[in-house]
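Structures for review follow.
The two complexes that follow have chain A in common; it is paired with chain B in the first and with chain C in the second.
Take a look at the complex of A and B:
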């Protein structure tokens, strides 16, 4: 029955026009960035590497598909939570607002299974959105600019990753980015259980991200102990996978924190929804 | 032998300090049609929502099909079909897709086939692929009934199924309810403000007000407790009253407008009265029997409202 419910949820997401907004936005944004880099990418790189050229002589062009993909990802991963929340924040509250939640809850399927299938559908949507971003950012960029070594600027300076190593790192980075985005999806689905309108959970999710990001960036001693445990601190952990050597310990800690958030949010959502009075 | 499909004992539900349902107990026997009546805010919808686990009572016991909700929720809901308040569907999907989706959630093996059967049953064949957004209210009501019957439930709970329907739609809905009850043996719980429709189909009644159950029992027994209101149209009203005064006390006769004489009597008393009028040479143009349920409903509510205001002083 859970699979049938997951199938139902996927059909509903596919049939809703708002589900395609994210894909449209990604396509447009990546298109604009790729066009800009294709026309004036060298100037952009000169601006970034300008300070390094006093100590380093760079021969040839660093602009290639891998670097462009990396730049696009850095720019867009920030915007993806909104696109994810736009669809996942509507999964329960949208049904409540429409009145269709009554039809679902009065079926023999348990409330827990119903909500679990919503979390499952949120995972599928997040994954598909991320795969689309990957195809656009890495796939199309490679097709336009061709492959090459990836130059990454880190706290320790400029690192060059050989071309053959880049793709596996992109795959790992996308997996970690998925976990980060799925945490956002879990927040909005859980908020969706608490509300009977679509706007609240979406705005609530974005507000939470903003507040946690602010706490993470403020240099106040009070927040120092809290910061490592905020999910927003680990949203950009995927970037560490392009460092050499890879900080495995830090990455595992990020995976642990994000997984803990997902599990806790799901557990609370399931507990709350199982007891909720459906009044709409 | 019929057994109780619903056994509700001492159900209570509050929203903050407002008590929506207070110590509600009733039973619904297998194969019966129960009319669930009461004014707005009486607690009917809250009770129906408790019956289908949309909301949980704060106290009391609720057993359906002899099973407890806390342990057998899935088994109970697999035997209940409901249409609570207005029928809502995914407007961006077609009628067939909506039913298929609900069929899968109900564990039906061939949801498409069953959905097509139900669409035909409610008279929506040919509109399967049309988006629900394009449906009129009456069509949505029919679709609501289709989703309710999708998994062939034993108990059907209908909350205001006639709302927004045109006269033909109301007749169709009534016939469908009777067909489901008499031909398929379904037990039906019908909540409605449209008393003539309830009277036409109900075998049992529950009347609620301010969260409490005021009366319950067999419709025939409850309604036989009061006199029938008869409106007679005769050519000479005063003479007719004189003629009937030997057979009926004066307080059961009221002169209405024009040639109307209103009587309050039981069914068996009517034929000799008509005979006496005709033998006296009076012309009887029409005999109209007013709805008994409506009178009964108003009488009970009026009595309860007066009682709570005078005795308690405050609404419950």
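Take a look at the complex of A and C:
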């Protein structure tokens, strides 16, 4: 029965026009970035390699599908939480606003199972959105620019990863990015249980991300002990998968923190929704 | 030969401690070996002449080259590529991977030294490089010297091989090079003399103080503790502000037309 409910919830998401906004936004944004890099990518990279090329010669093209995919991911992963929250923040509160929540819980399915299927549908939506981003960012970029070694620029400097290692790292990075985005989805679904309109959960989720990001980036000793436990600190952990050697312990810590957030949010959501007054 | 070349390039870290030319250049160490100025100059001219005659024979080269780069704030794994050189100035390293290579190709020095009319050698003294007595020769480029400013060579007196070089150019600044060769006794019978001038491996050291990298192309919010505490990646132990590039060669073809065929095919493409 839970699977049937998950299927129904997924269909409901599909039926809403706002669900396609994310796909449209990704397509447009990736299209614009790919066009810009195709037309003027070399000068964009000169910014990185300009001083290196005074003394060194770079054999091979740095501007390739892998690098373009990586740049696109870095740029868009900041915006993806909004696209996820836009849809998942509406899952319960939207039903409450339309007055269908009461009908929904009269079905022979426990409230817990119902909410669990909502969380499942949120996961499906997040996954499909990420797969679309992956196809656009990595697939189309490779088709246009071709494969090649990936030059990753981070605070530590420039690092060149062999082409054969890049795709498995992209797959792992997408898995970790999924976990990060699913945490956002869990927040908005849980907030959605608390509200009777969609605006509150969506804005609330984004506000929480902004506040936590601010705390994470402020170099104040007061926040030093808190920072490692904020989910926003680990939302870009996928980038670490492109480091050589991969900081496995840090990545596992990030996975642990994100999983903990998801579990805690789902547990709270299930507890609250079980007791939610749906009559008024 | 290739293994020795690669190993030579890899072990240069330890040898590189003796890499920087000592302060005893410019004749200060001459009394050590008791050479008179006149003899020294004659020796320098004789060695350079011998070297130039042998280098003239290096026209068309193909090699497999193993490259390891040690550049500040750049982490790149060693790679193997194909190198082609066609005298006087056609040089290409064809790599299946992204490679960071010195702008000055390893053959440029040899090519410059071929034309004795372009420079004037000055014997400066003798020094030991890797326990071998070498003659220090300052090569002063004359009018036809292009952008070469000054070349200082450490040449082995018996084999006339360049053991070490310090090259200053207008466009590229100063580049120091250490050449490693297989033992002469190991050279196959029938090998032409010019083949003996091809190094098994080469270590280049260049100034990297002007190489600045931006922090990131996009915002880097997530920096793990291990990233922050990671030690800089310096596989060849280059000193601060310097970059080193080690190249191990396996010479595939010498004057057999391989490079001419390669560049000919490129032209057709």
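By our rule, the second predicted complex is superposed on the first by the 269 of 280 C-alpha atoms of A that agree within 3 Å, B and C clash if a C-alpha of one lies under 4 Å from a C-alpha of the other, contacts with A are read in each partner's own complex, and residues count from 1 in each chain.
In this text, a contact is a pair of C-beta atoms (placed from the backbone, for glycine too) under 8 Å apart; a residue touches a chain by one contact, two chains touch by 3 or more.
Just so you know, these numbers come straight off a predicted model, no measurement behind them.
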**Request:** Once the structures are superposed on A, label A:46 by its partner contacts, choosing first (chain B), second (chain C), both or neither.
**Result:** neither
**Partner contacting more residues of chain A (chain B vs chain C)** = C
**Prompt:** If you stack the two complexes on chain A, which partner ends up touching A:235: first (chain B), second (chain C), both, or neither?
**Reply:** second
**Message:** Let me test your reading of the model: by the given contact rule, A:149 touches which partner, first (chain B), second (chain C), both or neither?
**Reply:** second
**Message:** Per the contact definition in the header, classify A:11: touching chain B only (first), chain C only (second), both, or neither.
**Reply:** first
**Item:** Partner chain(s) touched by A:216 [first = chain B, second = chain C, both, neither]
**Value:** second
**Complete:** chain A residues where the chain B and chain C footprints coincide none
**Asked** In the complex formed with chain A, which residues of chain B make contact?
**Response** 49, 52-56, 73-75, 77-78, 80, 82, 84-86, 88-93, 97, 101-102, 104-107, 147, 151
**Item:** Partner chain A, residues of chain C touching it in the complex
**Value:** 71-77, 81, 93-95, 97-103, 172-173, 206-208, 210-227, 230, 243
**Request:** Could you pull out which chain A residues touch chain B in their complex?
**Result:** 1, 4-5, 7-8, 11-12, 15-17, 98-100, 102-110, 114, 275, 277-279
**Asked** Which residues, counting only chain A, touch chain C once they are in their complex?
**Response** 47-48, 51-52, 54-62, 71, 74-75, 78, 148-149, 151, 153-160, 162-163, 213, 216-217, 232-237, 239-240, 243-244, 247, 249-250, 254
